[in-house]
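A, B, C and D label the chains in the order they appear, each numbered from 1.
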Amino acid sequence: MTITYREALRMGLREALARDPRVLLVGEDVGRYGGTYAVSKGLLEEFGPDRVRDAPLSELAFVGAGIGAALGGLKPIVEVMTVNFSLLPLDQIVNTAALLRHMSGGQFAVPLVIRMSTGAGRQLAAQHSQSFEGWYAHVPGLKIVAPATIDDAHGMLGAALADGNPVLVFEYPALFEMAGDLSTAAIDLARAAVRRQGTRLTIIAYGGCVPKALAAAEKLAGEGINAEVVDLRVLRPLDMDTVLASVRKTRRAVVVDEGWRSGSLSAEVMARIMEQAFYDLDAPVARVCREEVPIPYAKHLEEAALPQVDKIVAAAKGLFQ
Amino acid sequence: MTITYREALRMGLREALARDPRVLLVGEDVGRYGGTYAVSKGLLEEFGPDRVRDAPLSELAFVGAGIGAALGGLKPIVEVMTVNFSLLPLDQIVNTAALLRHMSGGQFAVPLVIRMSTGAGRQLAAQHSQSFEGWYAHVPGLKIVAPATIDDAHGMLGAALADGNPVLVFEYPALFEMAGDLSTAAIDLARAAVRRQGTRLTIIAYGGCVPKALAAAEKLAGEGINAEVVDLRVLRPLDMDTVLASVRKTRRAVVVDEGWRSGSLSAEVMARIMEQAFYDLDAPVARVCREEVPIPYAKHLEEAALPQVDKIVAAAKGLFQ
Amino acid sequence: MSHAAPPPPSGPVPFPRENSARLLKDMLRIRRLEEKCAELYGAGKIRGFLHLYIGEEAVATGAMHALARGDNVVATYREHGHALLKGVPMDRIMAEMYGKKEGCSRGRGGSMHLFDAATRFYGGNAIVGGGLPLAVGFGLAAKMRGEERLTACFFGDGAVAEGAFHESMNLAALWKLPVAFFCENNYYAMGTAIERYESQPDLCVKAASYGVEAFAVDGMDVVACYEGARRAREIALAGAPAFVEFRTYRYRAHSMFDPDLYRDKAEIEEWKTRGPIHTFTARLKAQGHLTEERFLDIDAQVEAEVERAVAFAEAGAWEPVEDLAKDVYAP
Amino acid sequence: MSHAAPPPPSGPVPFPRENSARLLKDMLRIRRLEEKCAELYGAGKIRGFLHLYIGEEAVATGAMHALARGDNVVATYREHGHALLKGVPMDRIMAEMYGKKEGCSRGRGGSMHLFDAATRFYGGNAIVGGGLPLAVGFGLAAKMRGEERLTACFFGDGAVAEGAFHESMNLAALWKLPVAFFCENNYYAMGTAIERYESQPDLCVKAASYGVEAFAVDGMDVVACYEGARRAREIALAGAPAFVEFRTYRYRAHSMFDPDLYRDKAEIEEWKTRGPIHTFTARLKAQGHLTEERFLDIDAQVEAEVERAVAFAEAGAWEPVEDLAKDVYAP
């Protein structure tokens, strides 16, 4: 069956709500409006206002309430409209959701799923175009996933609800129109995935940059460089086995990250490769990231600020000079 | 003159308030109480309640008010009691203070200084022992400084006020009792500092870990390994020239970071070294960080979770195996 | 759930005819500017988010006429009208919408981030509630510097649910700051009606709970908006913040992406009969302060200004990519 | 600035003598436990932050006696008494203070992070205001699961200034949740007196602005505390949140690090004459419900419990370092 990434997300939500009466969706405009990006369209009509619950503009409280509801026996899916607004409830996500299990001596599970859209590319300017997945991936106690395919867009939510930990699911509006076949493969929250087999270098990407990495790999193939593409999928915990297996094979790597270069997740991936595969490398690992500027509204400037296929190609070729 | 780190911080505050009538200190219990860590003790009596202004438990609003006050012509120093609570005003720090100059086309300067204490080591448990300097160092538009010496504790505040950008000054309670001589050296917000000359490896640290790095270097010297110690001082922008000059000389490095290992600032330092000095390295750069757990209350567990001198020594020796 | 519109504004306008003409013209300037923006959005000249103020013009118009040049204004992402009437030239606003470097934010901000230091227009904030703490800080600066300067902070009804509102109201009242909180209550936060997100939909009750003087005015009546804002300004400059709830209505969808399926069409139609421009025009005509020719003449001047603004934007240049990293930090 | 104490609680206690004896004993259990903790802090057995509740015992005691076993409790870092009376054994609390693995949080939480799933005691939160959103979620869960279960959320006066308070009150009222917000107003947030940080120091006015039923009770009178909490519980279980302001006073410094230089000694002395334990004892004696021997007998039982708790903690073990990373994630 061919569906879009948006439809896959919606299907995952509908299945979760249908499967378990403890599941509810809470967030701004998830119900009557149908979700800013129409992801939850139709769910209010199907499951009613208690389980598809519109919330006030109170991110701190409704995310915290999601934690309490999870402790109280529900399985909440809380939507924070975009990662840019997730700075408001960050205290609850870190100081409560992430720490609680450990600091209580293992007494409490927080089976909470927080969904948020992230990334740039639609001329929404500085305050609506940020990427903080890397920040969240820094926090012990949280699991962070970034669906970049139709299957993951559909399946990661269910896997997150079953996980038993607070899981943040990042959704990529840049991919919402992407269409593809939905398979029946089981979705885990453990492994990175090799999206393209290759031999001469490894391009490591996640989320909205995965299609760019694949496009770059095609271009490189045209120039005789056969690149492997690894989709991290799970940003915490990182599946370094898959990454290292690929890098040990290709001996070269480029990390692509939509976050600001300094301190982005790309740095952690590079540090781990240095720690664990230093002697297998034929060249230093390179990276292609967001320029270290707020994203401007003007299209040409926004494009210049973001990772692009040609930049990935150039970085890849650079590894062979 | 010999003073403590705490006294140096207080001296810096007093001088700033005395020097410029536009300067004011705002925060919880900075006045009547004298500051949680007694850093601002006596300033209310000296400068009055308007300029040493106690604020309600409203971190989001008083940090945002600091931004507005800076735009309005004051030079506010806002104290957020600890970095753990800074997650509440993070939206204002990132979405307004950091982005404003660029997204307004360069029209507005935000000459705001935000002080906060950070770090662990006093058995304050999970919610009072975090280190998020690395997070802040990810954000374009912010400058991040971490005084680790008496001179920096005294001088960085004044330099931050003169900088014209939003500057976050991280203070380390673990160092508050540290005593030393105050010099008259000018304090910049640009350069890392070599705190100990060495030849065989470089230990890179910042903030509360600098004394641990120096102690480790002494131990290593006892075992015939002469280590250089670089204090990053400024976490954004990073002064890689100083770091690279040292690493190119020693060809080996250990990065010490009190933050959680994955995604900590140490990863960025390692990534930069890989990018810029890969062929100068005789061994992969190693790191000693906080274990990836919330900090437990129990002393023995807290100690086990944090970077310690013996761990640094072990990591350093590991570079020679 | 329906939000009853107030009776249509009526009766003679208590201003000299020239002042009334300026108010009318300014409402028209906002309206025509935004109608053009909607058209240009369709044409792909303007991108990103675009939030139209159409229907709410009386609020910004009345309020801005009550402010002094030296006052500060902090607004939201629905701020085209506020920027325009604070004095930002229409051509620089239009150039900003185009993303041109002649724009008031050099093309970096777009519709949601209009800024202009010269007219003390501080944006242009796309974080709901994000402007309130800033306004408190501006008030603190003005007070400590001994300036007779109001800070007017515009925000929507939805922002009242944010913690930032609570903390900011308390700070402003506690510190007795010259800040006027102008709440543009259009009864919806995106697709959520106020009674579906506020346990107490009477926003003045909330504001009053901080000891802040709070009152509501008819946001469809530019006269009431002007008088309410002027009164708030007096209260604030006398040394205590004021809160004004402007009861108004958004005729267009929340943004260009909004299918607007959550509102009752009859409700929209009812509010349209209270249109701030046509009701004001009718009142002026009834009292003999305006003729149809004069109206057409004013409208023509406005149309011409809009056309000039479009031409200016079209003729503008793109900021060179080399300047991308400029102004992240002070030089 | 002085905060006038209420008249000392007086008159006969309207409870059967055995219930009164239990209330007295529970207040003493909190008092003696904390006096011992202060002593052990001095001896270096307890470290980190330690916030004593001494003087405020009537609040937790009255409130907890009004709750059912199945009710949820969310508290702050000043929660020893709340944990104890919700049913967490004193020895496990003391072991937690020591950082031993027999502690109710396995030694990982310490004084500020007492937790106990068995008694539905959800901590133990060191972020001011952090517990309020949690309580809203517990209320939502109870309501959606059709459980007759109250969630009692304790927090201080200082927390009222946080945005979390504003957002949580609105959510609880909007969604009609069975949550009782118990505000322990001891007039100070660390060293800052309430009138120095709240523009409206009458906290009930604030709570009422959300349409929440709000009332204040004498927090030095365990009878008033019990009745206020019971009434709040009835309101909440009937389907709407309630807010109770317990007017009380902290006799000790904010924490063991606080030199307590911001309060007028006369104010402290005045409030001490309202001590919840001695005034209650006097009333019981006056009405012949308590004799001095009985009092000494109860106190002796409590002292014995405290000594057993100390012995238990002393005998406890340290969690093995190998287990440091245990329970960061679900297995």
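As a convention for this text, contacts are C-beta pairs under 8 Å (C-beta built on N, C-alpha and C of every residue); 3 or more make two chains touch, one makes a residue touch a chain.
This is a predicted model, so every value here is computed, not measured.
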What chains, if any, are shared contacts of subunit A and subunit C? B, D
Chain whose Cα centroid lies at the greatest distance from that of subunit C: D
Subunit B to subunit D: how many Å between their CA centres? 36
Per the C-alpha means, the centres of subunit A and subunit D lie apart by a whole-Å value of 41
With centres defined as the mean C-alpha position, give me the subunit C-subunit D separation in Å. 47
Two-or-more-chain contact residues of subunit C, please, as numbers and ranges. 105, 107-109, 113, 125, 127, 161-164, 166-167, 170, 174, 197-198, 328
What are the residue numbers in subunit B that touch two or more other chains? 55-56, 58, 60-61, 84-85, 88, 91, 95, 102-103, 125-127, 140-141, 292-294, 296
Touch-based graph of the chains, sorted into line, ring, star, complete or other: complete
In the complex formed with subunit B, which residues of subunit D make contact? 47-49, 99-100, 105, 107-113, 125-129, 158-159, 161-163, 189-192, 196-198, 257-259, 261-262, 318-319, 321, 324-325, 328
Taking the complex as given, what residues does subunit B use to touch subunit C? 24, 50, 55-56, 58, 60-74, 76, 91-92, 95-96, 101-109, 140-141, 143, 163-165
Flag every residue of subunit B that touches subunit D in the complex, lowest number first. 28-29, 32-34, 36, 54-61, 84-85, 88, 122-128, 291-294, 296-301, 304-305
Touching residues on subunit A, where the partner in the complex is subunit B: 60, 84-85, 87-88, 90-91, 94-95, 98-99, 102-103, 125-127, 130, 134-135, 137-141, 236, 238, 259-260, 262-268, 270-271, 274-275, 278-279, 281, 283-287, 292-294, 296
Write out the stretch or stretches of subunit D touching subunit C in their complex. 161-167, 169-170, 173-174, 197-200, 205-206, 208-212
